[in-house]
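Consider the two complexes below, in which chain A is the common component and chain B and chain C are the respective partners.
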Partner chain A sequence: MDSALASEPPPYLPDTVRTSVKILIVGHFAVGKTTYIGTLSEIRPLRTEERMTQAGAAVDDLAGIKDKTTTTVAMDFGRLTLTDDIVLYLFGTPGQERFSRLWDDLARGALGALILVDTARLDRSFAAMDVVEKQGLPYAVAVNHFDGSPSFPEDEVREALDLAPGTPLVTCDARDRRSSTEALISLVDHLLTLDTEQP
Partner chain B sequence: MTPRRNERALVRPHVVTGGRARPSRNVFDVVTLVLATGDLPRTGLTPEKVQIVELCLGGALSVAEISGHLGLPVGITRVLLSDLVDSGHLTTRAGAPAAPAPKVRLLQEVLDGLRARL
Partner chain C sequence: MTKGRKSAMDDGTNRLGWMLDDALRMPETRYAILLSADGLLMAHSERIGRDDAERQAAGMSGLQSLARATAEFCGDPGTTWRQTVNEFDDGYVFLVAAGPGAYLAVSATQHVDMEAVSFRLQELVQRLGKEMTSPPRPGAGSPA
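Our next item is the complex of A and B:
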């Protein structure tokens, strides 16, 4: 059922859609990215693969790819048609420095990033936050609440993650549509504030 | 929820793209929307290109969706899409990078669209 060449026709976008935007869903392995995207997407989440050299370059940047050792990086993504005109794509990606070329490509033109974190392993989120910050992408942080994960007071999480005062920190359940939508709303609200404040 | 690796992805990329690894134009973001122009003859196209054109005849899809449906890496898909735009089989409808000026309006519309889903 997950075959890429499924016989059923793909869900095409309405003819009125003229604007496509993207938001990155970033976080370490098993933090809930795939779950989050699956909860919000109107299409069965898809996966694309990019082949990277060990140096982190995408294959389309190479003159020859024949004898380079390549690894495959998978990104899953989902789609939300928001208005007659606008479609939003969510791309789930681990924030890993060694894939920086892939990152440049994904991040270019992105509205912003939602960083998913788990309070049981906050330290594992530092790498993802570094990559997002290096890209200069505005972001919000969502604590994806796992049963059994400790719930810290907000200021302790802020301090541990070294968040700027204006950066939104929300709690969500990646399995829940409303809660996941609210996390995205916090991010976009923040993006709007940033853009309105800028001269 | 774990998409199966499919056979297409196992085709050696440089065979699929005819040895080139770079698209002839650089307009394809992962969210660029692509659709087929109509009924240009597909004779002479490689099987992968025929598949892309047939996929895109039904309506608009993003580069990422085309890549995902065909099981081809994004980089390779871009090369093929680029060729197919050059040959007149495909056209693009929207790209990602929003111009700075209408950005606030765009963000407001995205926000309203999300709120309407609650």
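Our next item is the complex of A and C:
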């Protein structure tokens, strides 16, 4: 019977074959990563939020974000089917640097990262950017627009964050599905471009 | 996106799922999932849906990452992580390594025979290891 198999055509992948793309969602403490993944995920997201305690008062600066009561201690997870053949798996990191040992593990297997930033606290973004750059991950930057945060022209934000000319920079509202999706699309477009440039 | 992965789950076949179901034939077990070290689902048992299984896969990868990050609490920081067991009112979750870059998670009720589960898990890991390193030839028929 084995010889009969040899003459059969090779098995073709069904039309439903999809590409899984792992994406990291990073950014500093309280920039909106959990909200962002919660807005976009088509399945119930995985959250590891814990109530913030007095112990963190000295290190976790809540200036300007006094309504925040919980913080992510391990990770967030959500899934977004972007097109018929691309499924994004979104992995969110904890923001505080005391969790940095987890970041490297979470980055494993990721194809790219979306870095969320807040214009009121741009300088806080460098630790997250360092981790992503150290991993060699391509990334896009999304300004999560907070009510009351200053609006700077794009070139000023680029300069403040020292972004390479090819790095996408977009603005979104982590509570809003449309603008959040657009931020991810800009990252995926960026990954696709890099993919064609470096076969 | 050529660098994206077409994993066992992505063609919708859940190729290794039958093996997980086979392991769940022992009394008092609930669900089983196989996941990659980077948190993506590789296979799931029949009674857990794909969406839930994917969320659990991500969580389990976080669990083992956290467990390993705390190794030095138990002696040498480089000591090898073997398994993580969680106990709930409703039962247990066992998380073990299943070959290079893969983990196996199995849940059971509070009445399960812990020793028997451990033994069965090791057995399953060995079978999965063989299966993952040498996938069956296309068209070679279904496993007996």
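Heads up, the rule we're going with is that the second predicted complex is superposed on the first by the 137 of 199 C-alpha atoms of A that agree within 3 Å, B and C clash if a C-alpha of one lies under 4 Å from a C-alpha of the other, contacts with A are read in each partner's own complex, and residues count from 1 in each chain.
Everything that follows uses one rule, which is that contacts are C-beta pairs under 8 Å (C-beta built on N, C-alpha and C of every residue); 3 or more make two chains touch, one makes a residue touch a chain.
Here the structure is a predicted model, which is why all the values come from computation and not from measurement.
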{"item": "Touching partner for A:Ala164 - first (chain B), second (chain C), both, neither", "value": "neither"}
{"item": "First, second, both or neither for A:Leu191, with chain B first and chain C second", "value": "both"}
{"item": "First, second, both or neither for A:Thr181, with chain B first and chain C second", "value": "first"}
{"item": "Contacts of A:Leu111 with chain B and chain C, given as first, second, both or neither", "value": "both"}
{"item": "Contacts of A:Arg18 with chain B and chain C, given as first, second, both or neither", "value": "both"}
{"item": "Contacts of A:Leu82 with chain B and chain C, given as first, second, both or neither", "value": "first"}
{"item": "Dominant toucher of chain A (residue count), chain B or chain C", "value": "B"}
{"item": "Which superposed partner A:Gly38 touches (first chain B, second chain C, both, neither)", "value": "first"}
{"item": "Touching partner for A:Thr48 - first (chain B), second (chain C), both, neither", "value": "both"}
{"item": "Common interface residues of chain A - those touching chain B in one complex and chain C in the other", "value": "5, 10, 13, 17-22, 43, 45-46, 48, 77, 79, 86-87, 89, 91, 105-106, 108-111, 188, 191-192, 195"}
{"item": "Interfacial residue positions of chain B with respect to chain A in the complex", "value": "1-4, 6, 8-9, 13-14, 21-23, 29-33, 55, 58-62, 64-65, 67-71, 73-76, 78-79, 93-98, 103-104, 106-118"}
{"item": "Complex contact set, residues of chain A against chain C", "value": "5, 8, 10-11, 13-14, 16-22, 43-46, 48, 74-75, 77, 79, 86-87, 89, 91, 101-102, 105-106, 108-111, 188, 191-192, 195, 199"}
{"item": "In the complex with chain A, residue positions of chain C that touch it", "value": "1-7, 9-12, 36-40, 51, 54-55, 58-59, 61-62, 65-66, 68-69, 138-140"}
{"item": "Residue ranges of chain A touching chain B (in the complex, touch as defined)", "value": "2-6, 9-10, 12-13, 15, 17-22, 34, 38, 43, 45-51, 58-66, 72, 76-77, 79-80, 82-83, 85-89, 91, 105-106, 108-111, 178, 181-182, 184-185, 188-189, 191-192, 195-196"}
